[in-house]
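Comments concern the structure below.
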């Protein structure tokens, strides 16, 4: 089957051109005028941007946390992603203490198989570093899991010490894998939380106050020092603050291969949201926390200048009922926000507002994560031979974000009532239409596991 | 006429894909598998990179300087450019004190017309800033000259004071034009030259010693301050030193729109060359001068990180006889080096050595100058609708640079005997072949004047 | 005659001790318990600080400016200084274009002789740099004028270009003299003033807006580059902005010998004062101008950290009538503020507020200028052998600054109505009492010319 | 008894004056001409510097380490200190896990009492932070121990985690005490050591290679972040590397109260010493380790600029036999170097070489530690009322450092054969002569415990 996406403006990480896109089966066959191309189907894209299907490099579907299980499973979460123009996710698989990481991966594979509506890959969250885990990192890479995540926060749950982190970095360097990090100083945060609780300061704003930006800056800087010592690249996940960005920028200025990801919530929201009354504040609890005013504009600047590479979501939704468990005690609020559906449009809002170029928009939501996580050139661009994952994006549309209309399995939106420009009108994966003008054509199980190559760093 | 460039690897600023390129007339029609494309001609590109024709944003053909006229005219210089894979130049037009800039432009148009073998545009070098010149900057932009150059060096020849520079920056900001700068502190250099001469220090190394890196760093920093005050972007031409790069990097870190260009001579050569005996040292005299060891690797790092945007040549060749005029007195040596033919291959050497990615190579020699100087998307990329300016580049070839084999009208090479990887095998402009396997098919007058749009900054 | 200052707390740049001070003739004989010291006179200092007579390293008495002559002459200005605890000034002598600097110095010597109530030295303001002037810098140093000032601002009046500045720095380096600078970019300011005037923006606030902080930062940075190239120290006079301080700090961080002076007006006042109605705004016109809010606290931080060395006044008073000449046209307002009387107390206010230690207070108003300008150990400390220039300072006193009570020959105060802590109760020079409990005992002509040694840098 | 130190040049942290010093009993009575002073004894100091007795703020006498007990006890160590012009030490007391810190202090008090030849105080090394320890920090301060040290290195022996460190900083802030830190990243070092040993790399150079400068820089930066968050000053002990200095400088540039100490070994020696054959290399093993060439000159620059405040020794000597225990396994070499006797002269060598002013020499070896550790004005200066701790220093003397002539209880010198300028000719404490022209007059038990006030920070 051959499909012609006709009349649109094709936007990639570096080009913006009027062109048609010819799809043959699951792949892109050509980009061009293609006047005489014989197509079985023509999809009109006049007045639209035709962009690569977006890639969300950071999701947590069905994740079990100390305070509850994330409310989107691989079926609902990937369907919502598709609605929003995201055709690939890289979810975070995990393991338990003592459980081999490959066993953990198998559990996650089982969770996703038969449910995912879009293509997916996995990172692996490593809770402990020892000889077995280090050895298994090779098996992970062979299984297509070429990135692992370690935590400098959450003592007793995920945190590893600096020696373990350094060993993992060295090992990743040998394998060509990439280490992603949760960079906050867990031990000081633990102390601040204990002090806050013992002082009776337990409402949601104290969640943010217990995790000050300086501690993300510190951990980011420390991680970079360790990576430089190990001679390996490093990837800072969900960077939220100007302090952490400054650490990344300083490192890049000296030529280090440091990469960083931020999330829409850090670009659009501030800690002021946590001061909303009752459970309203709890809805905005995530880690790293939302930051004071001023930080978002710094992050936009970092995205523009290239010091931030990727916008992912850290999608980890909890229902209002789940969030309510922590009413009166912020330490009981499950940490995480929904967002997998809104990312593409939210970042485009930055483009509409003149903060990012069109090309940079595509780069941060699709091309850069594809390259950094070993999916390129199969994913992340519009070019011959690439998977025909496309979004036909109407930049003129205006709409209002709302939990009433979104498709994530969560009963609130962090952006409720926000008016945004642009909408992913048609979403295709490997040549098939997932979403078209408000109708969902995807189906659970259609998504394929992506065996990722080594990162291009 | 339809041409298919078949079997190559198409490399753009962001993509690297196996694809065929279909050319219809002067434009690129499609990029893709194009299995059934009916073509009048097929050019095999297997094992080759297919890249956009390179753009040299800084040349001085036939330039009259105080110590002589540059030895390449628009015929010989553009032919040599084509031999090297460069299909577009932006040359620097000028005017005399008291002469309207439009009259100067007309002189340059006349010089180029009928001679240029490749497409060309002009910047305008402004010697003095007054009401008429400021007014004429609008006419320049309307004539397609959307960038002007001012000099912080060469008192009495080109230098303007900071007040004039500031006015020009403000005016460029109104017009959307871009100001390019020669950033060296002319007054202090004048003093240093006088001191050197009066002390009898007149051999070529004293040329470099009279223009220390700190004075380029200072002027660069000053220019950036003035541009920031004027609220306009600025472009630092022929940046040569770590000090100047540090000024650019610091500015970009604060979000300023500062762009910079370096040249192959600053990436590969050092001031040690000036110590060669006799006229040999004089061959390497240019301004800014070649720098001490250490600077080149900093510049490579800047290219990689994105703090340097463009590699151009500042091509301004003088014959050995011309250089010899300054034997025994460096102030009499005409300033400038040949290079328009070697740039593409020299920067590719950086890629071969692992300093730059393939995509970044294409970006700095073609895409970035196209965008910064208002030539994109007509030039600078491989995409439907763009001019079919292509280079089929053989990355496996090895050859030796030599004045014996180069095509520039100058009887020496700065890189004599240097062994390099890669060669531009076939060079096309607007669908026509200029160079193919060692045969030149271009002809004087075939190059067209490029009416440039406002820069994408 | 022997005098014992008894019972006070002696404060120097590094020490704070309870001690008596014995004066023998014009010199300090001893500091100590001195139980049995035979003294002709005992001055009680219980509850008081005994500090070295303060040194104002920057005054302009009787200075002729384009818009008027400063209203304090050497008699009134030095008397006011003494009232405020300042026992030494270093005034800025000058010369006219074409006039030998030694002739200028002779004119200033003549102006001061017979009038000065306190000891005085001179810097020389150099308007032009040529062979004669460079030669005469040696004669100046021999005459005790071991510092010269050059201007990067005021084109046509004082400004020299960078080549001239560089030559003066080199020459000063040979002589061990110190170059002080007015660091603002005169050419851009000239352009901004012209633009402001032609747009009809002529009220006092446009004075400040025509001289933005970035242009002081730029000039400071440029001056430092030139000094580093010349291998000489440099002294930034009347530093007013965070931008200039940042340039100084960066230089000192790399080990350069860069010194800087700020003034009370930059520590206490902001550009908001210029928005006062009518002539009220004109009263606050000086150059560099008062800066936006935020700058003063940065300067206090610089004083504390050691990145600023000296607080001087740039005392250059004009009467309200003189200031009124510029009503409706800020370019006609004579530039300068009164302040020689208030400095010691104003900086002490910083100590009272916890911004500076007691020792640092003494250092910035007395010891540092003494060392930097070749007056130490004769001036600037309390130690055996030093001139018995002392201030007995009552830290507990409170008073209100007002033109009604001050002694400067000017009919307004920049600090009118400001409540301050501390007062110089008794002021002595070379053992004689100049001021005591509200009575002035000094007399014109008693002040001696100070033949200064080379700076301790 | 009254003593007159006559004819010398008195040097303090800010002054250099010809003056006599009158001592009455244990205190300084006066500084001055003191022509008629009746003295029981006159000590000639013509041609000599008279400076305050030096203070060594970092010693480890009789310290039990995992690989042996330091070879100097309070008798031999303090006698050696006196020989070198040091009249006060602040030694590091400690406690065992589970042992109350006050019990540890009592043990150290018992060790010192009856043995110390010079005055002494204690810091407390805290191994664990809990409610009791935090409470006891108040009792320590009341007992005159107003500074505590925590370790970011040595896991299992001294290291505390960041949460504990943060709590200690907060507590110190409440008390006005000062936290000193051993700033190296212990966990990564532990990993590097294990890797080194398992690879068979066990000779002394691997000691240094296992503790790279970047890990001191990281820990220093982290400590500063925590102190800033706690709102308290912090003191970096034995800073050894440019990386750590850069962290301190950056913090001070932003106005933070960060203080730092370096040691003579880091100013004069490099890691090259560890490559000496056999036990020779082991003699130079200390932590932080000696650094590569280049670091010392950065530290000298930091001392000069004020970014380093104190030079102390970290004196912790081990005999050659003790060092030899680690032959073939650097992890068994006791860590520490002798130096308490050589510090004053070694730093003076910096003054003789033009690296530091005379005043700065006195400041870093005496005045700054006195102020930072609550001993001023009793110690650290020459002023009326201060303890008569004086050194009469002959700047013209030349001598050779050697274990043959030194008085420390250790059979080697790190500076063996080094030729130095200057010698402490006469050393006095509280008016009594400890050392005079090569004869020791001190005696064990004559030193007094110093109850220290809160630091002046």
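By written order: A, B, C and D. Residues from 1 in each chain.
In this text, a residue touches a chain if its C-beta (ideal position, glycine included) is under 8 Å from a C-beta of that chain, and two chains touch if they have at least 3 such contacts.
The shown structure was predicted, so the numbers you read here are calculated from the model rather than taken from an experiment.
Student: Please state whether C-D or B-C has more C-beta contact pairs across its interface.
Tutor: C-D
Student: Find the geometric centre of each of chain C and chain D from their Cα atoms only, then give the gap between the two centres in Å, rounded to an integer.
Tutor: Here chain C and chain D have centroids separated by 40 Å.
Student: Using mean CA coordinates as chain centres, what's the gap between chain B and chain C in Å?
Tutor: 51
Student: Give the residues of chain B touching no fewer than two other chains, as numbers and ranges.
Tutor: none
Student: Sort out which chains touch which and give me every pair.
Tutor: A-B, A-D, B-C, C-D
Student: Please output the residues of chain C touching chain B within their complex, sorted ascending.
Tutor: Against chain B, the touching part of chain C is residues 161-164, 166-167, 185, 187-188, 190-192, 212, 214-215, 217-218, 221-222, 225-226, 228-229.
Student: For the complex, which residues does chain B have touching chain A?
Tutor: 10, 12-20, 22, 24, 28-35, 249, 252-253, 255, 301, 304-306, 359, 363, 367, 377, 381, 383-386
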